[in-house]
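Heads up, the next two complexes both have chain A, just with different partners, chain B and then chain C.
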Partner chain A sequence: MEKAININRPSSADGMSRIDGRLKVTGAAKYSAEYAVEGLTYGVLVGSAIAKGSIAAFDIKTAERAPGVLFVVTYLNAPKVPGFQPDQKGVRAQLKVFNDDKIFYNGQPIALVIADTYERALYGASLVKATYNKEEHQTNLTENFGKGYPPRGDGLYKRGTEDAWKSAPIKLEQEYMVPTNTHNPMELHAIIARWDADDKITVWDKTQGVKATQHDISQLFNIPLENVQVNSRFVGGAFGSALRTWPHEIVAILGAKAVKKPVKLVLSRADMFTSVGYRPHTWQKIGIGATADGKLTGITHQAYGQTSPYENFTEGAVNVSQSLYACPNVNTKYNLVALNVGTPTWMRGPGEATGAFALESALDELSYVLSIDPVELRLRNYAETDPENGKPFSSKYLKEAYQLGADHIGWNDRKQQPGTVKKDGWFVGYGIGCGMFGAYRSGATVKATMKADGTLHLQSAVSDIGPGTGTAMVLIAAEQMGMPADKISFENGASDLPQAPTQGGSATTASVGSAVHQACVELKDKIQKLTGNSGTDNPDYAQILKQHDLPLLEVTAKSTGGEGRDKYSMNSWSVHFVKVLVNGSTGVVKIDKVASVADCGTIISPKTARSQIVGGAIGGIGMALMEEAVIDHRYGRYINNNYADYHVPVNADIPQIDALFVNKPDPILNPMGAKGMAEIALVGMAAAVANAVYNATGKRVRELPITPDKVIA
Partner chain B sequence: MKQFQYVQPATQQAVLEVINKPGTKIIAGGTNLVDLMKRGVTAPDKLVDINHLPLKHITSTPKGLYIGALALNSVVSENKLVAEKQPLLAMALKSGASPQLRNMASVGGNMMQRTRCGYFYDTAMPCNKRVPGSGCGAYEGVNRMHAIFGASSQCIAVHPSDMCVALAALDAVVIIAGKKGEHRVPFTEFHRLPGDHPETDNNLPFGELIVGVEIPNNNLQKNSYYLKVRDRQSYAFALVSVAAALDIENGIIQNARLAMGGVAHKPWRLFDAEKLLIGKKASEESFQQAAQLAMQGAKAYGHNSFKLKLAPASITEALKHAAGLV
Partner chain C sequence: MESKESLTMPVNEQEVKDSSRRIFLKQSSLLTAVAFTPGIAVKAADLHVDEEIAAVFEKMPLKMEVNGKPHNLSVEPRSTLLDILREQLDLTGTKKGCDHGQCGACTVHVDGRRINSCLTLGVMMNGKKITTIEGLAHGDQLHPMQEAFIKHDGFQCGYCTPGQIMSAVACIREGHAGSEHEIREYMSGNICRCGAYPNIVNAIQEVKNGGQAI
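== the complex of A and B ==
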């Protein structure tokens, strides 16, 4: 099937639909907050109203007396969390919630009100009063570069000559800003926590990794791993926000201990801005130099990203500059600035999305200085091997991707001179932006059970946060076993299922898919041993089991992290082509057409793959045009912490988005030939939009989001 | 959310008997009120549901078009009479909120909706509108969405409605019922400027009920346009919006109506700019002159400085659309 795939409007010809699609659209899919656990009580968080200092006193009397309120948990009465580590700045220094009186950021949870109904808990929460010892806070990134520090080592990377761009014949230097973006998945983070015994607990929890959550709870509460059951059968989007265990999860568990009843805690939309991370506000500066014929001679890329006072969060914001293009001299610098904000976390395309906005904008700017077509400029600097370490790529078909996308969007219609094409009074412009992300794979275990009726049941702990993991796993098994997909089921999202990595870094198909593949190979082996022949195309498994009088046949197969990483550089690649319309008087930008092309190996499930690419492009449109969590720095408090004011794209913002796939297997990463696609679907998109806006109008916006005010400024 | 009593008095008279007590609030679609209750911005003791009152009708009278206070935003926007007689209103309504919200939102509720200022919504922030005397958070704060006309140092919030901008432009009249009977208030005098009392959004007497609005007949159907400039293409409040309607004969403007949204504590009618347009050629040049005049007295507060440029550009753009020049 090594043929490029282009799906505009998916139909049955494009293969199987999502296996849980029906459950989701009919409401039968149960999410964490929806379990009717017996004796359930309801928690609502109270957040701090200052950004730095300590709690002087609480007045919880009125709240405690309010109708239905069972308990108000604060640091003064909370059960201790034995696993909290003593203070030290490092990755493990999580917010020790309800541990002491310290306030690090505005909105930090300071109390949990538990009541017999949600509404009564909400009212009780409004009655909790705290007074504070206020200290001077800092939330403004650009005013605090002086406090920047490298997260580890010196934060520097150098290849060739430092600042070589400065002596290039053609050069430019610009600053780029990505504001705080929040994941804000539709499903609010939620947990139901129930203590089954003093050292035994069950949680229904929104998480991208039930095993990681199980491990964290076990460590934090000092209970045996096997006594922690984490269920996360369905996840309504996450984009990274559920990649770690957050304070509210600990708080719900503490609350359940305090009231000796199961507690349900569903974050409010406002809580979502202060409880589950975000893409950090990051300032970047790029110096880039080239020869007159467009050969890059040097890139210098610096970044300052914000983190919390108690924890370092680092991401690869400057990494794209190290390996996207063949450039002999590259130096980068990455610093953190600790501000009075919660800890950021990975958000779709973490680091790379931020870095690619800067690098791909700078490259576009360079193309105009050089008067070279931006696609051509990229081709002239195409990296045939990894420029960072000289290793060959396990696979790279970015050139094919350029061609597919350029043909599809009608790149030939683009005029190099900005502001020269108008249609119905709107300026028309085209832009390109590329993305890359490491292609990863880690160990995973899958149990496969062939039942007497000839159906196959697959089990893995892995979460499915929406990409269609289950669908892809079923398709891998269907192909391996030579059986119809509708006879295969996939069970996932519970910690008592076989080991799987956390769903993140676009690595699930490569990791869990390899284990499914392995399980099928082993199962077929077993069957061959029974039947003594090498099998046919469509074996009748029910018949075989019956003949051998077997109630079922099962294997548990383990796949490793794969090999070849020492010899190869493994990455997925994308290129986004965008056509925009810009109103010259009002500054309104409309996306007219998008062609996103992915080189992510073999496409296993075309429909859900398309959906990934479309979703990533939409995320990129949001990042480009509207997403920004705004803080009033006087208070250090978010001012648009709701869905009405924090804008994400709606249908009206989304034009035709075509997802195209090179669809050539990666021969190294895994037996299916598949590479990850979730991150690259977004990485590079924001720059493609910004570049298109420039092509349309001649206005370069370097500070996201590109709202009308910036276009007419 | 504070526990509250919920009542559904059978008749309009019975409603009027209960709503003149403090702590009582009417609920229509609830799309604004319930949000405010959940955020603790308002905490009524008693909700008075009026949805069953016979105030949903849309009728044509010799004087104009009558729309009941409980007519849904979606219904009004799709109504044939409205499309025929007041297309500007339909266009403004369709640009507001989302289909789901418009399906719940009533005309009366839309008029009474409160500002979307972030400081008003967050009880941990100062806001003179929510807590008089606590200060205006937006004045020196994040004020990108805020007013450039008619604001005071007490409050720079804007009225968020689209529907009301069209109604202000169309010389609508608000019909209000009190215990002593009905009275009429011109739409442009219904909402007020903040002055020293930003806690009061409008001139609806305490304890009274909006029963409907009336729009006098006009000749503006052919050349009207509602332009809404916003950060996303749907489901976002206006940065600036313009309701423009013209009566053009042989290229000459006979009559003009202009109002702006997103720029003031009330729908901002541009009477002087209208006057300037009358007798002029329907051309980009005339429109620019009107836009320039409309901006007299505008004042920005920092983040919203861009509106000083966006507002006149939008007026010109809206007028061009209305005149069929784009």
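== the complex of A and C ==
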């Protein structure tokens, strides 16, 4: 008999293993670039060598003559994209790639070389020459605040008195910087584009939302929706980078049209820095004030985030200050600065991770001024209802999360005085950082088919970029149907499957899971009508179908976006506790111990949930200690655009990380009681590390990443 | 202010030579065809025979064994083992993550040693025995490391997984799995962006301690 699982703190071996685990460990799982499509050709992108201006001339003759090269696509010869016309002046919209000679950022695609092999396309791409009319570019955020503008309205939020922190007895004001972080999933973004007819297309594409990609392609190329097939069965990580349709996808489709053959385009790792978004470089300033006994009286939170010249990208950088703590006076200001860079996009946590680094660092700084334990300070400002609108929370067990994490990390061993604990010559420090993210749910449809052999097949278009969506869906159905999970299969990641939202915003389990739940309810209902009773705990579905001479039973169930948002504020919560060791001579920071606690409702799949929390914590450690995409402003070009120079955590950087769960159901959001966990796994982590480094050394680093030079500076 | 300048990277001399050699080969083969009969020459041009002839000069024979199966291939000297596996042999289990030897997703075994197949030219593999992730299991019987990765959830998206598993097997065989610390060091050439590192370490320890033949 299987031992009982401690859901509050599962081990890596606890719970059901992934349903697609076998495919992944045998190399049989196929990602977008891995389909042997007949007549396949290969495309390689050429990027702009300048950051602003226009293309004066191309010399593509040598490339065209190179062996195996079939075609060199540029704006001069590219098939027109109907969706780019007519070009409305003044409208900020997606990059109209290969539409004209304009250059907005360094690395912007200017040509696609298509050849019969990858090597020949790559060589051909090296032969494409362009001359430019160069204009002065701007890529430096901090030098361009003067050009900041609110993305919509006035970009201001206010409750209570503006800048009330200034009149508080205890106050501080500090600036915090989060540099550009790149998602850099292990799988390079890739697409195989094949025109099946003049108005029919199939793509195998890395996307977090096959339905959204299908819609975009349909709109851009003026093709009926049903004539666009998007396949994305396996996605090798994304973290937000595949949330939208990018220029390279359009380019591959254009290329396939030009050569009348399927084109495979796999981005290079360098392309991954310029072509698929990033967490935007964001400057923040926080003013925070409190009474002498630690009650917050005012928070002012400002942020300037970068965006591209042609498109606004906004995220919730200042939102956490509006609702994480019970503070009567809060005002925020959010501005964008358009620079000669590609458009950013949501990267795990997104803006909330950026904002929480600032707010949770500022709160930690305040705790030292007040000489109040940082956990205690948070408890004194605990929001029992949503401070923004007074609504009750659908569920909030953050207090329990504090307790679980503090006990687990050994918070009692922490000394309030920084730089006082040493072990084997290393300074020891403890830090805490909290996270929150809205718990969302949107409409989804699932088809459930009970087959004659008593197996159940579930279908949904949803992508699974790694969290284990299929595994969670199978477990939901197993519980509802009262049948073993190994008799249930889940099919996903294709646009001809039933409607599902794009996988993002921590909302998949709540959305698609509700549809699976609904499908099971309706299926059981059908079965009950057949059998005339409510069945047993372990119904023999094969027998029931046989008795009624049915080859199969199927339902297609739709779940709506859920109700209660008018009455309740719905959020997931997290708290990260970190113990660090800091070398006083070299400034090296070692993560010694981590306890990441999530209040994300009922845990459906302990094994994959644990992995998701651990993975988010590691992403947060990368954000805290190493990740920074650096631009050489002279050229407006990334200079560390590879895995050797853009550092991400490797195995040696990471200790055992404990994921803990409150595991109490949310009674409102959905019938499973589950809330999202993808974002909160990371939100707050960077501050927890920074706060631990301060506790260890007395050195406050407000500009990420916390590299050794900053620690010993 | 506008300035006109070419910022294209200079093409190196060798590449220029190669491309002229290539053009010469194309033209001369076409000329030879013309010398026989004009009709054939036209047909030859249509069928890209010049391409075919020239391609022969650019390819080298390669004999290697992949997962126990011998292959007689003709490859360009610049083709990497990784691209040959993925694009010519349809063995897509070996992944391309960076193409620069920085991430380990392309790890395979050559004569039992782990290597980055993206940094290995195919022509260097003449007479070698390659094992990829597709060759690790015995039929339906998974390798203990594959079983342990499933049990301990040593992955999320699965893209780095084949490389991690090939590396993990070699890590134990090399005698570099003596402690958690040692495993972390010797597995640090394989990046996992989903952050499955602790689970990967747990999987390797279980196999190491399990004592199965690996």
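Convention: the second predicted complex is superposed on the first by the 692 of 713 C-alpha atoms of A that agree within 3 Å, B and C clash if a C-alpha of one lies under 4 Å from a C-alpha of the other, contacts with A are read in each partner's own complex, and residues count from 1 in each chain.
Methods note: a residue touches a chain if its C-beta (ideal position, glycine included) is under 8 Å from a C-beta of that chain, and two chains touch if they have at least 3 such contacts.
The model shown is predicted, which means the values in this text are computed figures rather than measured ones.
By the touch criterion defined above, A:Val630 lies against chain B but remains apart from chain C after alignment on the C-alpha atoms of chain A. Once the two complexes are laid over each other on the shared chain, residue contacts for A:Lys590 go to chain B alone; chain C is not touched. Applying the stated contact rule after C-alpha superposition, one finds that A:Arg65 touches chain C and leaves chain B untouched. Of the two partner chains, chain C is the only one that A:Ala13 touches; chain B does not reach it. Judged by the number of chain A residues each one touches, C leads among chain B and chain C. Touch criterion not met for A:His281: it reaches neither chain B nor chain C. Residue contacts after overlaying the shared chain place A:Ala713 against chain B, while chain C stays out of touching range.
When the two structures are aligned on the shared chain, A:His647 is found in touch with chain B, with no touch to chain C. When the two complexes are overlaid on their common chain A, residue A:Ile639 makes contact with chain B while staying clear of chain C. In the superposition on chain A, A:Pro467 contacts chain C only, with no contact to chain B. Under the contact criterion defined above, the residues of chain A that touch both chain B in one complex and chain C in the other are 49, 67, 119, 123, 126, 642, 644, 649-652. For chain C in complex with chain A, the touching residues are 1-9, 11, 15, 19, 22-23, 26, 51, 54-55, 58, 76, 78-79, 83, 86-87, 90-100, 102-103, 105, 132-134, 136-137, 142, 146, 149-153, 155-162, 165, 180, 183-185, 187-203.
By the touch rule above, chain B contacts chain A in their complex via residues 1-3, 38, 40, 98, 116, 118-119, 121-125, 137, 140-142, 144, 227, 229-237, 239, 306, 309-310, 313-314, 316-317, 326. Across the complex, chain A meets chain C through its residues 12-13, 17-18, 20-31, 33-34, 36, 49-50, 53, 56, 62, 65-68, 117-119, 123, 126-136, 184-188, 234-239, 266, 268-269, 465-468, 607-608, 610-612, 614-619, 642-644, 648-652, 654-657. Residues 49, 67, 119-120, 122-123, 126, 424-425, 583, 585-588, 590, 625-626, 630, 632, 634-635, 637, 639-640, 642, 644-645, 647, 649-653, 705, 707-709, 712-713 of chain A are the ones touching chain B in the complex.
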